[in-house]
Amino acid sequence: MIKATNVVKQYGNLKALDNFSIEIPAGKVGILGPNGAGKSTFVKIALGLLTPTSGEITVLGETLTKNTTEIRRKIGYMPEHDCIPNEMTGVEFLIEMGMVSGMSLAGATERTHEILGHLRMGEEKYRLIGEYSGGMRQKIKLAQGLIHAPEVVFLDEPTSGLDPNARREMLETINGLTDVSTTKVLLSTHILQDVETVCDSVIIVKDGKLQMQEDVKAIVGEKSNFVQVRIGGESENFISELKKKKITVEDDGRVLIIPYVDHSTYDDIIDASVKSECSLYEMERTSQSMDSVYQEIIE
Amino acid sequence: MREKAQLSDRFRDFDANLTTRPWIVLGMGLRKFNRLLTLKTWNGLGIWLMIAVVYLLTFIRFILFIEPEDYPCVDLNDEYQRCVPLDFYGDLLGNAGGTKLFLIAIAATASGGIIGNDMANKSIHLYLSRPISRLDYLIARFIPVFILLLLVTALPNYMILSSMWSGNGLETSWLLDRKWLIVNIMLQGILYSGTYSIIGLTFSTLIKKEGIASSTFFLFVYGTSLVCETFFTILNAFDIDEADYILLLSINHVVDMLSYLIFDTKYYVIAFFTPREVDIGSVELIAVFTVIFAGCAGFMYWIIQQMEANK
Amino acid sequence: MNIKLEQVTKNYGNVQGISNINLEVSRGITGILGPNGAGKSTTMKIILGLSRPSRGRITVNGKNPFDDWELKKDFGFVPEYDCFYEHMSGLEFVCYFLRMHDFQREEAEKRAREALTELGLEEAMERKINTYSRGMRQKTKVARATVFNPRVLVMDEPFQGADPTTRMLLMKKMTEWAENGKTILISSHILHDIQSLTDNIALINNGKMLAHGNRHEIRNLINIPRPITIVPVKDGNLRKLAKRLLDEKWTKATSIDEDTNELTVETTQTEDVYLEIPKILQKEKITVERIYSEDDSLDSLYAKLVEGHQWK
Amino acid sequence: MEIIDKIGKLPDIVQSFAKRSKNLFPPIAKDCIYRLLVNKITWIVVAILLLPCVLGVVIYFQTDEDRQVRESNGEKVYYDEDGDLIHEDAREEFLNIFDLFVISFVAIIMAIIFSSELINEEFENKTMQLLRTTPIHPFEIILHRYLAGVISMFAILGLNAIIFYYAVMMPSGTHGILENLDVLLMVLQILLFESLAFIAIFCVFTTYLEKPYLVGIIYWIVWESFVSTQNYQQLTITHYLNSMIFNSTKAMGWDVQASDFNLVNSNEEILATEPFTAMLIIVVIAILSLILASRGIANRQF
């Protein structure tokens, strides 16, 4: 879908991208990395909004250095910050954006209503954007990126500032995008759980360099060597019970971390909970999460 | 379920059928023009009101009270002429009696937020991510103000022309004798509209708040014009020959002088109730104008170029 | 510090911001949760004395924060939105507010440097704020709010736009501060973060306080059966365990998912179940590798409360 | 009773403010003056202000040859073609242009711009909310900003006055420049009091109103330009400024009439206020405005 070879982008002395090479597969791809790692720079170069200092980048098989404006017909972009005017209604704004992309009035109108229907926006689409809630604004932002039926859509932090319900809804929408259209999704975010729920593969960028490119399913789910236990009642009794069995327990205030040896560890835990009369709310062998993978790579 | 599946198919196979860039730019400009003239906002109302005033003035001042034989030019004294198309752009104050105040006010109101609002609510990032270049965007934003100003510059002048023509019995020969006039009026209209729009856009780019941008534009253009004229008068009182050059500081006067140049008439400013000739070479004049125009355009382009780079 | 809201109501014109909120916070971290526009920020602003309640009483250590400007030296506020003097450097910005807290110049600069370095801004602090990224802005805001060692720390969405590294750093700091006896009120939309930070939460929806207290206690207030999922190690034990559990009087229903090898028990009782299940498991000698209740997570608790469930 | 209590406490509060101001004023002033000086609109105003100065220089070079020199007491005194003293002409030009252009036009616009930059910008940037969570009294918030505003406005306008004075007085030589320094001092005094008064008044507008520009300009046109020439002109600041100019010029021995400064009512009675009273009233108005503005900030809900 996107192929970059040795892309360098320099701002003064600062190297935002340093010999960045990548081949991004189709599907839903998440980009992770600390602030200032070069994620946004890469996305903007791929959009043709910035020109790289050196290197070559092809999007959907077309070289970007030649026709940066034409490629944007095939690309949708949802920026991170709030960037929609307050004085238009949702429908008006989307039609305007569609027509700025080169659609006809009829086409843009039809498409607008289709997308908004798909995003489950009702009558409020005829209200002024200024009166919208954060979730609705975010939906309008997403819709304007999809209006001209692009082949790729870049989503820059689509869930930032959304409350939990709106966030879940937004993630479901993005998840469903690939089911109802051929649009490919490139998602950049800071919330690692989003990547876990939405993306097929993940890219981690740091200091302008590619650190990792992997399938999400492959990394999440690997078991670690610790059992996490949450109990109620007197935790001291529980811990001393386990100490009798020469098991060390780490208490981080709310959960207990117990090293995993084999299945007998589970029995020991249950035994201890019965003996100490502590209620056992949760016992689980922790699996590798995006958090731990991310931390491992970044630090 | 069936219905949803249908929707999805249409959604999936949607063909956007995109047009080419010139059409996008033109369409963008025209839609913005349409939005400028909406009656829903105070700005739109104000613009409508001022347009009405301009036409009213045109009708009363020029159509009713000018005899067809005095059109287009009448001798003021031995040296100077008063031409109706030039008088139209004159000051409302003083004995010239024109519509300049309203033209500048319309330009200020219309152009104040035209780029600044996009920058303030950051939707400029969305526009720039569409298949148009930055220059296209600037042109698309220039068009609406330009058209709006043509409506109050060239159009009323043509109205005066046609009313004079009908006063002369609608004879084709009358019109054919004044072919130059038709062209000149258009040139003049383009000159005024273009200059005011580009300066307005520059202020809008420079100051992101609509109201402040409008008032700064107005104060800058009209204020400097008043100040320069006052100083010109004072300098004349001291009989200083180079006083003419102070008028080059005022954009208003530069445009006026160019417009007099188009009509090939001597330019004068009324100081102490008598017209005083201002004699500045056409080369200098055009050079100053080009510097202003290119400076504004270049500045805007530069700011828009900076937009993404520093983010 | 003891923050006490009694029947606090705030109207904006005819629009109700919050109504009849009761809340008492003394120390430690409290998470304030709720949808957008529920009244979290309004509550925080009333606590900080930025706005005056229309009705009701707010006291911080017995004083009203709106009128008592000297009380405010104990308040650190991290607002949700950006509010900077963009032309200042991060260091100058923090210094500026330290000076407002009546610190002398050298002292202020020393403290500001320390605080910013602690949050990992040592390289950026001489740069102007308008060149900062969102994470750096967030860190600057937190540094500004904590540098003068306030006793009350109110943070509205402090993790917004912060990258995972920053988020983890901030969370570590917050835990530290809470241990040092600060009162921390924090709101966040990412329930995952709150869950790993604190169990003490206050849930606000539509301007009303839905629940306030420990996560587990709040869960117990909801009057719906709670499913507990048990995953035995060996397949053979699945049906045996299900049958055994059905004998218990508190079991309402059991269901088995053969694919994932999971057994889900729906119970009517709450607290005792967690004591009973290990006993049964031990007696039957069934080794399980996982016991959990999806319902117990903050995510599901939030969904249930905000969507409006029955109360006991 | 409460009010009496408050007044009783006033000396203590003033004292504590004075003590704290040593620490509070430098950072606030530094920030405010910086903000005012990098503001684009300020520079547009400054550019407009420079026009008269350029004009003065042009006049000097043009009239250079025409003027005549006479020596008296070892000093060069310049006369124009008609034998009149140049500096007596020039000082009147200086005062007229400055009064018309700067004192009653640019200065007021500048005060509107400055006060909204100082206060309104902070509301819009929401830094005011942060300030309200710091242990600093609303009056201090406004006072230090106000002082910084007065200093920068007085500095810009005063510098402009000096340059303009020099430019206009150049044809009359060193003698003329030194001879009329009292006019310059008077103008500087007027500028100081004008800054004091108008920034305080517009600060009140900015704390209570969302869009202070419009109200400020309406206030200027209706109140300071129109009412200030009418019968009840004592209600306007312009009246007191005019009185100060009138009294000072009279004391300097100029031939001026009260009607030149619109200081007469419809019955042609002279309304001019004594200069000391005028200054006192301006200072009192400024202080009252600041207190009002601080109440506005204190009661503002965020």
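Note that the chains are named A, B, C and D in the order they appear, and that numbering of residues resets to 1 at the start of each chain.
By our rule, contacts are C-beta pairs under 8 Å (C-beta built on N, C-alpha and C of every residue); 3 or more make two chains touch, one makes a residue touch a chain.
Bear in mind the structure is a predicted one, so any value in this text is a computation, not a measurement.
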Practice prompt. Count the C-beta pairs in contact for A-B and for B-D, then report the pair with the higher count.
Written response: A-B
Fill in: For subunit A paired with subunit B, centre-to-centre distance based on mean C-alpha positions, whole Å
48
Discussion item. Centroid from C-alpha atoms only, then distance subunit B to subunit C, rounded to Å. What do you get?
Written reply: 57
Practice prompt. Mind checking the centre-to-centre distance between subunit B and subunit D? Centres are C-alpha means, answer in whole Å.
Written response: 36
Practice prompt. Averaged over CA atoms, how far is the centre of subunit C from the centre of subunit D? Could you give it in whole Å?
Written response: 53
Worksheet, complete the sentence: Residues of subunit D that touch two or more other chains sit at none
Discussion item. What's the contact topology between the chains, one of line, ring, star, complete, other?
Written reply: ring
Practice prompt. Return all touching chain pairs.
Written response: A-B, A-C, B-D, C-D
Response to the item:
subunit C partner, complex, touching residues on subunit D are 20, 23-24, 26-27, 31, 34-35, 38, 125-127, 129-138, 301-302
Discussion item. Can you tell me which positions in subunit B touch subunit D when the two form their complex?
Written reply: 206-207, 211-212, 215-216, 219-220, 223-224, 227-228, 231, 234-235, 238-243, 246, 249
Item to complete: Sort out for me which residues of subunit A touch subunit C in the complex.
Response: 32-37, 80, 133-135, 157, 160-167, 190-193, 232, 253-254, 263-264, 266-267, 270-271, 273-274, 277-285, 291, 294-295, 298-299
Discussion item. Quick check on the complex: what are the subunit B residues that touch subunit A?
Written reply: 7-8, 10-12, 14-21, 23-24, 27-28, 31, 41, 117-118, 121-123, 125-133, 136, 308-309, 311
Worksheet, complete the sentence: Given the complex, residues on subunit C that touch subunit D span 45, 48-52, 69-73, 75-77, 79, 81-88, 95-97, 99-105, 144
